[in-house]
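Pasting the structures in now, so scroll down.
Both of the next two complexes hold chain A, though its partner changes from chain B to chain C.
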Partner chain A sequence: MITFAVLAVVMVVGALGVVLLRQPVHAALSLVGTLLTLAVVFVTLQAHFLAAIQVIVYGGAIMVLFLFVIMLLNLKEEATKTRAAYRWVAYGVGVIAAAAIAVGALLDPRQAPDALAVSEALRGGSPELIAEVLFGEFMLAFQLVGVLLLTGMVGAVALVQRHNEPPRPGTPLADASRRDARGTR
Partner chain B sequence: MTLPADFIVVSILGPAIVMLVFAMITLLFAVFQVDRSATASMALVGVGTAAVFALHLLMKGQQGAAEAGFGLRYLGDTPATAFTLVILLGTALAILVSEADLSRLGLDHPEYYPLMLLSATGAIVLASAGDLITLLLGLEIMSLAVYALAAWRQGSRQSEEAGMKYFLLGAFASALLIYGIALTFGAGGRFDYAGLAAAFSAPGFDAHVLALLGAVLLLAGLGFKVAFAPFHQWLPDVYTGAPTPVTTFMSVVVKTAAFAALLRIASTVFASLGAGPLGELLPIMLGILIGATLIVGNFGALLQSGVKRMLAYSAVAHAGYLGLAVLAADTVGTNAAIFYLTAYTLMTAGAFAVLSAITNADDRGDEIERFAGLAARRPFLAASLAIVLMSLAGLPPFAGFVGKLLVFQAAISAGYVALAVLGIATSVVAVVYYARVITYMYFRESDQETIRPLAPTLRIAVVIAVVGTIALGILPGFWYGLVERGQVLLAGF
Partner chain C sequence: MRAGPAEVVPTEYYVALSALVFAIGAVGVLTRRSAIMIFLSVELMLNAANLALVAYARQWAAAGTLVGITGQTAVFIILAVAAAEVAVGLGILVAIFRRRVSTDVDTLAEVRL
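Presenting the complex of A and B:
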């Protein structure tokens, strides 16, 4: 319980940092802290595989993307052009929503399941359980995700690579539309 | 955990796998820079092969031997295969229009046909889905490819705007849909429709509010794709901005697949919610959406001066008529929708095919004045357009009339008389804007330049559309009878 309390405080502080820090890079690093703390919480719940995924996917891949975007856009300081009134409305809605979730969770009559039963069901947090579902019951969905990724890739290549492709001979309109393209930009 | 022995059923995946394989073949054609018309022919061969597999499944359904696999997550029953055939028909017509038009428009980049086949694969998966995860994946495969195709004309503001708008609103719709799936799973503890329907109608079920919230979000997410008002805002801009061959594909294939999914959910999950204490709320919401769609679509179309934009609003209006079949939420409604969508595919693809023969090289110039005197200059095109427009308006003896009749019948027998009357009233409005184009073609003098000769593939597309429209109008029983005699898995909850 004490471990959880300490971790919870660190997580909430990190989350507040994401919202309150002015520098986007600092905010992103604060988010890394929150995500890593969440991974530790997963470890204390015996969900080792989930913890590893949390670190690799969220703490690793997604954060690197965030930082790339921030660096590429070269944002020096948060743009403070939103009107103050809107900001207070947003704060209000956020606080009410957070309070509603907290009250809802505290008032929920259901008891948390026994820790032993949970670790029994998780089988030591090994990826075996996930594999059984993913390659068994949901094998069709698993294959379809592959098709989805391929579609995304072909679509992205088709749209981006066009700029490097020379106009093919035999299509006079290709040249015309290209000229038109430069004109409209 | 061990799976049952009949868990994997490859035969029902036939049409989707064939489309995927031919998408790969055309992609390899792109790598080795094979001629574009050869690629288009290969794509057509793929569609034909997939249709053979789908017909085989349809015949199995006739004999009452329809199959489902993966624990009812993927279905090969009559509605699924009939929708698959409609999707393949729409894809074939779109490929024919593309082959005629793409090089003229300077848009025949090598990834075009692979993306179109991948999108059709997603559409087939969406139409055959028996659980919410398969539904979501099919929807995303279909949509991702179409987002790229909508922005196909780079450098054109409208096309890029179309792609961007479609992508952002599509992402928003997907977010709603995923949230709906999460809440539905939270309420029912299952993803598959059969399990959800059983959980919702079980005696001790108490999460009615959660289930209703999930259902409403599912309806909103799919409402974006089928363009129910007020979720139709993206449609006119996207249809107008995208290149005409892509618009042809979007208006027929995407709409068919999205309605197939919506009908399946409505007749299982929504129907099982209907018996609960909050059950009457969902049909009321759907009824409001349909009423708004009928009014917005038809009166919106009345106000347009561009024919492409008019057809876009008419697509919204037809979503309203199809919505009446969704509201009926039974096998009769599903069969009516299958017939309506077959007719709609033929009519709409025919209208867009003629349109693509008339517009300028830059795909502009769809003002109604351009159609003045078309009957004198191009009697074939004018007559074809007149036939498909009369069918779209719902005039006998064309397919659109039978489709509307079946849909109204389904709505009335399910007890939604007021909405059916609204549908009939707005059909009268529809006649006005379709007839306006016909009037321009036949009763106005033209000062327009002669338009270019008709490409052979475009002629084939127009002939298929017109012959199909007339044949389905005169002999509706052939196709409707096949659908009606078929076997439906997963219904009657």
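Presenting the complex of A and C:
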């Protein structure tokens, strides 16, 4: 219980950091903290394989991509802006929604799941059990995800491809490409 | 609260934490102007949903069914989809940023159906 309380506090603080921090890089690092805490929460929920995947895919690959793009785009001054008009409405909606769902969840107390039954059924969320379901019941979803990843890869390459027309002058990337051209010549 | 040798945290607490993180992410989507910060908040909401799935997976596993491990497998699929989504989304962001210097979503008014 104490473990859960500590993890919950760290996770909520990290999530608040994502929403409230001004610098995009700070917010992204705060999100990394939240995702790693979520991996530990997965361990407490007997999902050990998912915890490892969470660290590798989210904490590793996806966040590196985010930080790379944030640093590439260099959006220092405009990312600090928030919509002032909507801000208080949004805070109100968020607080009311969170309170409603949390109170609704806590007002419906059930018996806590039996630890022995859980570890017997999940076996710590072992890769063997997940593979059995993934390549059995989820076979269609698995293949669709393969198609989706291929499509995403092609789409990402097509989107960031440099076309023949030069970028608008004055944009940072136009300056960068001019510098590149000069450097290679 | 005490069940067996180890103390077990009830599923409701995990669901409440998930709801809290989801709501924080939703506030981020509503208040931020930069597209990349909105994207970060969306990732937060996605992970809150994953937490709820894994928590319910444990609850179902305690009932002695195979649904528990199915819930964890669904999270596995969601992780793959999220990876593809981030790759395409950040590609779109870079393309937008190349045409116009800002990623402010309020100035992208001509992108409509």
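Basically, the second predicted complex is superposed on the first by the 135 of 185 C-alpha atoms of A that agree within 3 Å, B and C clash if a C-alpha of one lies under 4 Å from a C-alpha of the other, contacts with A are read in each partner's own complex, and residues count from 1 in each chain.
Rule of thumb we're sticking to: a contact is a pair of C-beta atoms (placed from the backbone, for glycine too) under 8 Å apart; a residue touches a chain by one contact, two chains touch by 3 or more.
Quantities reported herein were computed from a predicted structural model and do not represent experimental measurements.
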Just checking: does A:Arg87 make contact with chain B only, chain C only, both, or neither of them? Give me first, second, both or neither. second
Quick check for you: in the superposed arrangement, does A:Leu140 touch first (chain B), second (chain C), both or neither? first
Partner, of chain C and chain B, that touches more residues belonging to chain A: C
In the superposed arrangement, what residues of chain A touch both chain B and chain C? 132, 137-138, 141, 145, 148, 151-152, 155-157, 159, 171, 173
Quick check: in the complex, which residue numbers of chain C touch chain A? 1, 3-17, 19-28, 30-34, 36-37, 39-41, 43-44, 47, 50-51, 54-55, 57-59, 61-62, 64-66, 68-70, 72-77, 79-88, 90-95, 97-104, 106
Write out the stretch or stretches of chain B touching chain A in their complex. 1, 3, 8, 20, 27, 69-71, 73-74, 103-106, 108-109, 111-112, 114-115, 118-119, 121-122, 125, 133-134, 137-138, 140-141, 144-145, 147-148, 151, 153-157, 163, 361-362
Chain A residues touching chain B - in the complex, by the definition given at the top: 132, 136-141, 144-145, 147-148, 150-152, 154-159, 162-163, 165, 171, 173-174, 176-178, 180-182, 184-185
Within the complex, which stretch of chain A touches chain C? 1, 4, 8, 11-12, 15-16, 18-19, 24, 27-28, 31, 34-35, 38, 41-42, 44-47, 49-50, 53-54, 57-58, 61-62, 65-66, 69-70, 72-73, 75, 78-79, 81-83, 86-87, 89-91, 93-95, 97-98, 101-102, 105-106, 108-118, 121-122, 125, 129-130, 132-134, 137-138, 141-142, 145, 148-149, 151-153, 155-157, 159-160, 167-168, 170-173
